[in-house]
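One structure is given below, encoded as structure tokens.
Chain naming follows the written order as A, B, C, D, E and F, and within any one chain the residues start at number 1.
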Amino acid sequence: MAEAASAPAASAFNGALHRHAGGPLVVTRDGDILMVGLDRQAKRNAINDSTIEALDECFSTIPDDVRAVVIHGIGPNFSAGLDLSEISERDVTDGVFHSRAWHRCFEKIEFGRVPVVAVLKGAVIGGGLELACAAHIRVAEPSAFYALPEGQRGIFVGGGGSVRLPRLIGVARMSDMMLTGRSYSAAEGVGLGFSQYLVGEGEGFAHALDLARRICGNAPLTNFAVIQALPRIADSDPRVGYLMESLISAVAQGDREAKTRVRAFLEKRAAKVTRPD
Amino acid sequence: MAEAASAPAASAFNGALHRHAGGPLVVTRDGDILMVGLDRQAKRNAINDSTIEALDECFSTIPDDVRAVVIHGIGPNFSAGLDLSEISERDVTDGVFHSRAWHRCFEKIEFGRVPVVAVLKGAVIGGGLELACAAHIRVAEPSAFYALPEGQRGIFVGGGGSVRLPRLIGVARMSDMMLTGRSYSAAEGVGLGFSQYLVGEGEGFAHALDLARRICGNAPLTNFAVIQALPRIADSDPRVGYLMESLISAVAQGDREAKTRVRAFLEKRAAKVTRPD
Amino acid sequence: MAEAASAPAASAFNGALHRHAGGPLVVTRDGDILMVGLDRQAKRNAINDSTIEALDECFSTIPDDVRAVVIHGIGPNFSAGLDLSEISERDVTDGVFHSRAWHRCFEKIEFGRVPVVAVLKGAVIGGGLELACAAHIRVAEPSAFYALPEGQRGIFVGGGGSVRLPRLIGVARMSDMMLTGRSYSAAEGVGLGFSQYLVGEGEGFAHALDLARRICGNAPLTNFAVIQALPRIADSDPRVGYLMESLISAVAQGDREAKTRVRAFLEKRAAKVTRPD
Amino acid sequence: MAEAASAPAASAFNGALHRHAGGPLVVTRDGDILMVGLDRQAKRNAINDSTIEALDECFSTIPDDVRAVVIHGIGPNFSAGLDLSEISERDVTDGVFHSRAWHRCFEKIEFGRVPVVAVLKGAVIGGGLELACAAHIRVAEPSAFYALPEGQRGIFVGGGGSVRLPRLIGVARMSDMMLTGRSYSAAEGVGLGFSQYLVGEGEGFAHALDLARRICGNAPLTNFAVIQALPRIADSDPRVGYLMESLISAVAQGDREAKTRVRAFLEKRAAKVTRPD
Amino acid sequence: MAEAASAPAASAFNGALHRHAGGPLVVTRDGDILMVGLDRQAKRNAINDSTIEALDECFSTIPDDVRAVVIHGIGPNFSAGLDLSEISERDVTDGVFHSRAWHRCFEKIEFGRVPVVAVLKGAVIGGGLELACAAHIRVAEPSAFYALPEGQRGIFVGGGGSVRLPRLIGVARMSDMMLTGRSYSAAEGVGLGFSQYLVGEGEGFAHALDLARRICGNAPLTNFAVIQALPRIADSDPRVGYLMESLISAVAQGDREAKTRVRAFLEKRAAKVTRPD
Amino acid sequence: MAEAASAPAASAFNGALHRHAGGPLVVTRDGDILMVGLDRQAKRNAINDSTIEALDECFSTIPDDVRAVVIHGIGPNFSAGLDLSEISERDVTDGVFHSRAWHRCFEKIEFGRVPVVAVLKGAVIGGGLELACAAHIRVAEPSAFYALPEGQRGIFVGGGGSVRLPRLIGVARMSDMMLTGRSYSAAEGVGLGFSQYLVGEGEGFAHALDLARRICGNAPLTNFAVIQALPRIADSDPRVGYLMESLISAVAQGDREAKTRVRAFLEKRAAKVTRPD
């Protein structure tokens, strides 16, 4: 299979393929980690209504023993975005509810129980870019490129992109992308703050899995606090943010897990911070 | 003339010079595009009250068939900022109303009917930097440099710079510029998020015109949404932002223009997204 | 002493060592500038309760004739963060009040009377990173590295890091640091927007002092406005921000100091803005 | 049955008792209207975990043909609040997730698909008061009284009361209730802005049903806009709110339903506004 | 004429009828005060496009020597709201721009140069209620009643009502009005916080004029601060609000006008505060 | 003494007069309660710089065993506001810092360690009204009246009134007070939401003391949460507010004090909620 290098081959995992094998998603397990693959390769993984439904169901029913998710595209692209063939028949009122369904789904990704790492390669366009924004960590391969051709199509982002992308790259850059149709490369994307990692071609999935493993090693309460509290603190006025930080940090410190880990650290049984390479 | 290469020579445009030929602005047309040139070269295009009045009138009366604006400086500089010779006589109350007049004018640029592209070269200082911030896209030539010498003069930005510049480069960098008088180069400015483009010396105007032509090719409703809705969504709390996005995207999709363009795309008659070079 | 090159040797300053000589801080004077050195080298300048108390007292009692502060670490590190040996005994309620004490202290640094420049080298980790965030300008030496190992320890930042760090580098990068334990280098930190300066190893302190001297040369009212008004304007909705800017800029312009300085500028007696090198 | 006067007797409705007949909720139908009755009379309808689960399931699965909900207490009380017998065993971390479960449930009430009318009588205390706050309209009988005894118990509201109640009666009055244990009467509650209606004893349910019928007569898109958009607009800065209002009002006006209704009005076939009695 | 008692008879004023005599507005002067009367009595002063245009022009060109405005309805009603006969032909995109035109117009009333007092009687419905919300002071006669029949018509407020009315009476009461079609009486409106005054039938205009005269007697800078700064401070987070208040109060105190008035007060030449009757 | 009926006579308290006996404040103790009396009767308790200094010192040094504060005016008035005789000499820059000193002082009242109850009678004007706003509970006697004569004097509130008063009575009513000089009576003040209690003349102090005693009986952590968290939650967007509420309620529930109190309640050893009279 062409995507063998960058996508999960069944044999590479302890978990078995257990859902949506023929549908828009391929969902597999590797220990604590759930791997969610977009699989509509003939359409460059364009997102249609059944993709949204499958993602929504998947992120609504994450097994209790899963501690991190990796989301990726099967084949050479992450996702070419909203499948435009579906929008032609909708009236305005339908359009509102359609966009709300994307929002509900992507909020389950961003504010779910566990951190999500996205692997980006090839087309990361429109709705595909919006989906990538809902993950907590983005790992890009050099082939990845980012664009918002909504202006050329006469439409506007509807999957939360106008909320999430400006928090990553700023309003001005996103405006430029939409006004001029500009696309950015994977290398540019790191500097802009879009992806946090740029790795070699074909290495994205393995790198994401490695990050996911580190995430699984954290105290669950810290992971909860990073996902739930950090973006809300950052969005709040400082007075509110400081009080929230005091509360969540005290709750985390007081948890049994933290007591154990801090003791391990003080007794030199825990890994120290290492300098970046 | 020294600026011939980078400023609009009359012969290069279909439109005719039609306003303020001898004043602080030179305003010309090229099809759908209005070109607004600051022209107080003896003062390095410093902005005095009559510049503000002329800009305000210009952006208040953009012809209905204009779909994009390019703003630029005639001569080697974009603008050296507020003309300080005017401020010495003002009392505090006057100062408040003076700053409010700048705000009104620059808001007409930022929240007007059409996108605005600024061409930056030479001095982009103080009030000139604030004016540049009000545009939607900034194209820099290598000669451009950015500074806020307000601290040395004992004053403070009054043209919206404290609102707009932190959204581009962050509060910390702007604080440093004001506290230490530091200036940034055109090349640094791209990395900081201040300008979205860096082009060759003398190529800024042509590049801006090219971007403006692409903007003119968009559906007007998308351009409206990018200018009016995107910055407001980005400033809002996410719950509000998502609902606004659902509404504006549904309105855009439902518009006749979008229906036509999406059909063209589905029938392979529209340009596809291209990878960045 | 090993830190001689980068820390203040007594003979290098006009001021005398006047406080906390044997404690967690070494505080010295150089004219208008107060220099605050963290000095718990055996613990890599980890911050314990007495450090917080000493910092709080120091920033609560800045002499009237001090116009800028430089904060730095004695020895090879800025600070390795919260001294974890102190947290094991605290219950949750205590934890809340403990974090509030850090917040009160660091707010005195950020919203005090004078600008603060931090010199970063070696470990800038956890609570040390949080302390660095409270300064207005950060100067990094190449040895500096940044990490938030809270996830590995099962805890969460409690010194304002969740409020201040996302405003510098964005929520997504901070999330990655906390979820994966990633550390960033000094060179990366400039691009991220964390430090505004990267200088040669051992040159940080002198560079910070030079910046502090420039700050001392500004009108005090501009410095006040940059520290107090700018971050609040940037956090506000634009309508509020513009009005605040109009008011503070009119007050600054109306001050005697500004009148004197603007006149000096108009009479060519003041330094002009210079291009960046 | 003691509650016969004020609660739905099976024979009074077209719909049949179809869920939770023996559990904490009694759910019945009357045409377009769903009626949800709290039924733990021995505990004055105190809310325990199974009540929250049942409410969550009920509001997650509102049938498509339901257009309004009435929520009420079976017996003499609406609800005496959180069942304190459940909290003694929880640790702090559990407590956070417990409160989050209440929030999720009550958000389904407030931001569900249809408007919710609450009937208040007898004890409306603590968590019961919080539940009442999640409805859109509150109808009180004279026996209703409101209190937040959390201060005396050493706890704090955890069902969204600190978010919703200040929006109804202001922070100062809520602070007084929590600090002093003060209770307010049904008559006072109308003046404070807590309930919108005060009716005769035993008349609350019928009045709520009457209001629900009027709600069912509205265009669904207006009801959606009132529930989803209005509170978000009200919470936003005005620039954002105005744009959202423009969008939602244009979408509503453009909907077929509005076209029909406005035509009926213009042709004098629709009811006119009547003066209040 | 039936409205003679409560509307301005030409002979009652020093100023002359000078604009729009036959149009939707009757605009007159009385010294410093401009009186703007809605005059489409056959339609109960329903607001059509030409009313909005006339109001926009009127509030865009308030003479420099006018210091307060009274807005009122000629005839027995203030205004029955949006003239629905105009909306049937509009598509969604038109609808957005139509609502934006109302917003622009009403913002000129609320954030204009001078305070505006509205006189309310008879129908104050839908768009008429929205117009009343844009004034700073509302004086009601007993005949006034308030309703938002948008739900029954299938539409939504589009003249800023969703922004301004919740700030006066709360979201919950406004939701009830829209969901159930409820109307409130003039007497109820005072308790709700909608109007600040309730006077005898036919006495509203004279009372408004009296209030306007008191407003004309204030220092213009205080009036500016109340109109421009107060609502923005109230909408801001407190840290921002306090700083803005410090600035505007210092600017006001420093103004010559304040110096004169405070001196008059200290020398017992100014009126003291009187107890309420 | 004339104020004997309504002010603390020394013999009425267990505590002794211990500070500022001859100054602007009379501070006494009654068990857990600190009583702070304004005492510049010749000036109707107008607030001058030394009053602010004394209040600041008093609220900065509240003894650890104090659990509530009552603030009141000695003599027939609470406070007639800012002593205008002090402002004539200040320039604008001084004015900013002067207002900031009031803000710092009043923030110590509002966000101090313990709840504050204010007793209002006679003049509660300007700065006196602002001081009253900083308390958590306001008890009014019938003689109390409220006014903001700033408009007549040409000044603006500078003690936080523009932040706090709109949160109590709304922007529109405050605007009316400032624009027209209107004063409100004690009875009106309860309906407006300004004071939470209206008691008989001369009974305010005893009532406040009774409320303070109830406050002292609460768990300290609940009191902390009401003072620190509640206003911040109410000011936040709901997503942030809910998370903060979950955290603070879990921390409170987990505290030993709550465990003890909840057990007492479950074992019927604690007072139940009583209906309002």
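The definition used in the following text is that contacts are C-beta pairs under 8 Å (C-beta built on N, C-alpha and C of every residue); 3 or more make two chains touch, one makes a residue touch a chain.
Predicted, not measured: the structure shown is a model, and the values here were computed from it.
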* Structure fact -> A correct list of chains touching both chain A and chain F reads B, C, D, E
* Among the listed pairs C-D, A-F or D-F, choose the one whose interface is a repeat of D-E, with over half of the contact pairs the same by residue number. => D-F
* **Rounded Å distance between chain A and chain B, as computed from the means of their C-alpha atoms** => 33
* **Computed distance of Cα centres, chain D from chain B, in Å** => 49
* Asked: Multi-chain contacts in chain F: which residues touch at least two other chains?
  -> 92-93, 96, 167, 191, 221, 229, 233, 235-240, 244, 247-248, 250-251, 254-255
* **chain A residues within the chain D interface of the complex** => 92-93, 96, 221, 251, 254-255
* What residues of chain C sit close enough to touch chain A in their complex? -> 84-85, 87-88, 90-96, 98-100, 103, 107, 123, 125, 145, 147, 149-158, 160-163, 166-167, 169-176, 178-185, 188, 191-192, 235
* Once bound in the complex, which stretches of chain E touch chain A? -> 92, 237-240
* Which positions of chain F touch chain D when the two form their complex? -> 115, 136-138, 167-168, 191, 193, 196, 211, 214-215, 217-219, 221-223, 225-227, 229-231, 233-234, 236-238, 241-242, 244-255, 257-263, 265-266, 270-271, 273-276
* Contact residues on chain B for chain D in the complex? -> 228-229, 232-233, 235-237, 239-240, 243-244, 247-248, 250-251, 254
